[in-house]
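Chain nomenclature is as follows: A, B and C, assigned in order of appearance, with residue numbering initiated at 1 for each chain independently.
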Amino acid sequence: MLVREIAAYLGVTFEGDGERQIAGIAPLDTAGAMHVSFVGSRRAVRDAQASAAGCLLVTPDFQSGGRTVIRCVDPRGACAKLIRLLQPPPAPAKGVHHTAVLGRNCSIGEDASIGAYCVLGDDVTVGAGTILYPHVTIYSGVTIGARGVIHSGAVIGADGFGFVFTEGHYEKFPQVGRVLIGDDVEIGAHSAVDRAALGVTSIGDGAKLDNMVHIGHNCRVGKHVVIAAQTGMAGGTVIEDYAVIGGQVGMGDNVTVKSGAVVGSGAGILSSKVVRGGGEVHWGTPARPLKEYLESLANVARLPQLRREVEELARRLEALEKSKGE
Amino acid sequence: MLVREIAAYLGVTFEGDGERQIAGIAPLDTAGAMHVSFVGSRRAVRDAQASAAGCLLVTPDFQSGGRTVIRCVDPRGACAKLIRLLQPPPAPAKGVHHTAVLGRNCSIGEDASIGAYCVLGDDVTVGAGTILYPHVTIYSGVTIGARGVIHSGAVIGADGFGFVFTEGHYEKFPQVGRVLIGDDVEIGAHSAVDRAALGVTSIGDGAKLDNMVHIGHNCRVGKHVVIAAQTGMAGGTVIEDYAVIGGQVGMGDNVTVKSGAVVGSGAGILSSKVVRGGGEVHWGTPARPLKEYLESLANVARLPQLRREVEELARRLEALEKSKGE
Amino acid sequence: MLVREIAAYLGVTFEGDGERQIAGIAPLDTAGAMHVSFVGSRRAVRDAQASAAGCLLVTPDFQSGGRTVIRCVDPRGACAKLIRLLQPPPAPAKGVHHTAVLGRNCSIGEDASIGAYCVLGDDVTVGAGTILYPHVTIYSGVTIGARGVIHSGAVIGADGFGFVFTEGHYEKFPQVGRVLIGDDVEIGAHSAVDRAALGVTSIGDGAKLDNMVHIGHNCRVGKHVVIAAQTGMAGGTVIEDYAVIGGQVGMGDNVTVKSGAVVGSGAGILSSKVVRGGGEVHWGTPARPLKEYLESLANVARLPQLRREVEELARRLEALEKSKGE
């Protein structure tokens, strides 16, 4: 494909050698003359100087320095589009792999892919076009929407963690609820979405969960929510639409994260807390607005200085007291 | 089942319409006239106002406002009992699924359930009535007691993490110990209990582990210990009986958590630390008694105020010094 | 085997009863007269007093008190050597288990062991002597070196977590890169190494990863790096050779941990940070040199004292002001 053809495919303009032949896409550091690469961050602008890429996907304000570039508003998005055209990832085989074990009354949508050694319990529904990679386990009574992607090792619908302490031991609170997963949801390797005790644990349309995410019973994760790896939430937590949750975040029971909130990686949110939304960023344990968190860090960092000031005041005060006593 | 029959089954009293027909159990927010629901917390008392549930399981002091209620000391426990009667969770099929792979000399107790694609190594013992959900992996030489529940993806008996650094690289310290799991233990999805280097890694009777819990080699988890999701403990740690460990807690090597201690979610406990028991609650990193942790948080939060006080003192001191100089 | 034979095998000296018969190796607390045990730490020196072990592997300066001991520079390493001789762990069967599912163009090295229900995608290479325990999933295009050990539940090569937000929803950034794992690498149960978006995610020769470690796309983990359980790193992070990373550490995107750095358990490292190497120890969130971290903790702990000092100054200052006003 020629540079000018790529630009035309993306519906944008190019500068430089439009007749240059492009064989594929590569990262800046390993790209050669036959590759196109993208410059998607300030950091990448620096790396782009040293890159041997034959063509760069860049933002309108990128200083090309005479290189062959294709200009677009979102170089990363354009690159994603190009990868899907030029070197699309291999699609898993459609249909149910012969080693998969399905329970009674399972419904598998058209063009869905159920990989090797997947195990589905009774009454499981998988929507059209959804991909279950090998070794996904779906317990009974779970519904998964269309066009989803669930990676290997994920377990959907295992029992929530509920016990009643009685006479010196824990009795299980039976977990008889369900799990409902919307359309276009991606769930990473080893993630677990527990079934509700009663009622439903749900993941909204378009939500994206990274690896090793733990969703406790009766949680409700909204639409287009993003949750990075190793984050966990206990029972009954609600994450509203478009919230963005970092990695290794921990949430207690019955937390509410409002729509559009951003929770930084490693944050800890206490049970029953409400985290404000609308793009506000929260950080730390206990989680608080980023500005407060940074101020707190700064205040602690300035403690040695504060201590010196207090010592200085003590010295001056003592001098005054002495002079008065004389 | 009628309300009065439910009350009789639970051995407690009801108020209101004893002839009301109950078809099932539902959470407060989705329950209808045919459902019984339970009010198990202060939060739930509020939610109960808006609930359309035909009958409520409530504590003796709940103000019914004329609704049909069943009164008992532990509504949540009563509800668990009722679920087991009215809508018991489907029991996995007894016996060894034909796709399970068992090593030599395995002993599977009566009525145990070994799910699809479980893999058991040599010399594995599984007690009577224990359920292994699909995709559980048990390495060689592991003993699991009776009436346990192990969820999909759990791995019991993988090598502990032990290496000897020698001549510029790490040599494995052979992990030749065992794992011993007591009776009535529940282990969540993706949890891992590593085998001992030498000796035994053990989980006591009645212990409950949530999802993605990591138990390092040679740890000893006591009886009726509860460990929430994503908590991990390095080698040689001892958790005594009836301790309660929150989620995402991290423990170094050779920690001791005394009997009955409560460790809050997200806490970090340094190697070789001893955490006091007897119901004391510990929090933070490094973990400390909750009172100290809260005081520390409050002290940091009051830093801006302290700084202002110091500035005020400095101003007043300067004024005094000036007046003295005059 | 006799004590003198063991000493000879290890190429070191013994004291005491060289003719004593040793049947096996055991930990200090359960060893009997027929067992050898090792004293590998100060803590163990104390435990050794109470041990009934017939022979102890000890350092040159250990005070034997008349017991039979074998002296060597590295008792733990010597014990590892002895375990491999006297009670070597059972080796998994060589070859590909008949239940394993292999894609096209897979290359399995000599004496490699591919366990039950392993699933390998297309174009996967596994080096000579490498062990894949049951239930390991390797996606397409992954290369694993020789003499490695990968524990059950590990997933290598699942998609990295990359999305482009466009028109109110997230579009997947296709993950078309590869994973390259060196020789002599051990990967724990449930760990996940994601494929690169473009390019390569790599794990260097001799690296050791504990359970539930998450390696994001395009990370580069160096040679002989050690990573303890439940640690996660987002995309593009570089861990240089011989770094040691504790458990439950979290790293943002594009972090660089320099060669030989030590990162304490539970640390959090912000995106794009560079952590100094050369044996320096880093701790806390945000991660900083251990000395700074400890000072910060101490400063916070001394806050009540500082507050009292300020109050005392205020009282004295007020007294001065009063006396001046009189």
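Here is the rule we go by: a residue touches a chain if its C-beta (ideal position, glycine included) is under 8 Å from a C-beta of that chain, and two chains touch if they have at least 3 such contacts.
Small disclaimer: the values here were computed from a predicted structure and weren't measured.
Q: What is the Cα-based rotation angle between copies chain A and chain C, on a 0 to 180° scale and rounded to a multiple of 5?
A: Result for this pair is 120 degrees.
Q: Shared interface numbers for chain B and chain C above half of all numbers used, same, or below, different?
A: Result for this pair: different.
Q: Distance between chain B and chain C based on Cα centroids, please, to the nearest Å.
A: 25
Q: When you check chain B against every other chain, which residues touch at least two of them?
A: In chain B, residues 117, 135, 153, 190, 212, 230, 248, 300, 303, 306, 310, 313, 317, 320 touch at least two other chains, as defined above.
Q: Would you pull the chain B residues touching chain A in the complex into a rising list?
A: These residues of chain B touch chain A: 25-27, 29-30, 43, 74, 76-77, 79-80, 83-84, 87-90, 99, 115-117, 133-135, 149, 151-153, 184, 186, 188-190, 206, 208, 210-212, 224, 226, 228-230, 247-248, 265-266, 297, 300-301, 303-304, 306-307, 310, 313-314, 317, 320-321, 324.
Q: So in the complex, which bits of chain B are touching chain C?
A: 101, 117, 119, 122, 135, 137, 139-140, 153, 155, 158-159, 161, 163-164, 166, 168-176, 190, 192, 194, 196-199, 212, 214, 216, 218, 230, 232, 234, 248, 250, 252, 254, 268, 272, 285-286, 295-296, 299-300, 302-303, 306, 309-310, 313, 316-317, 320, 323
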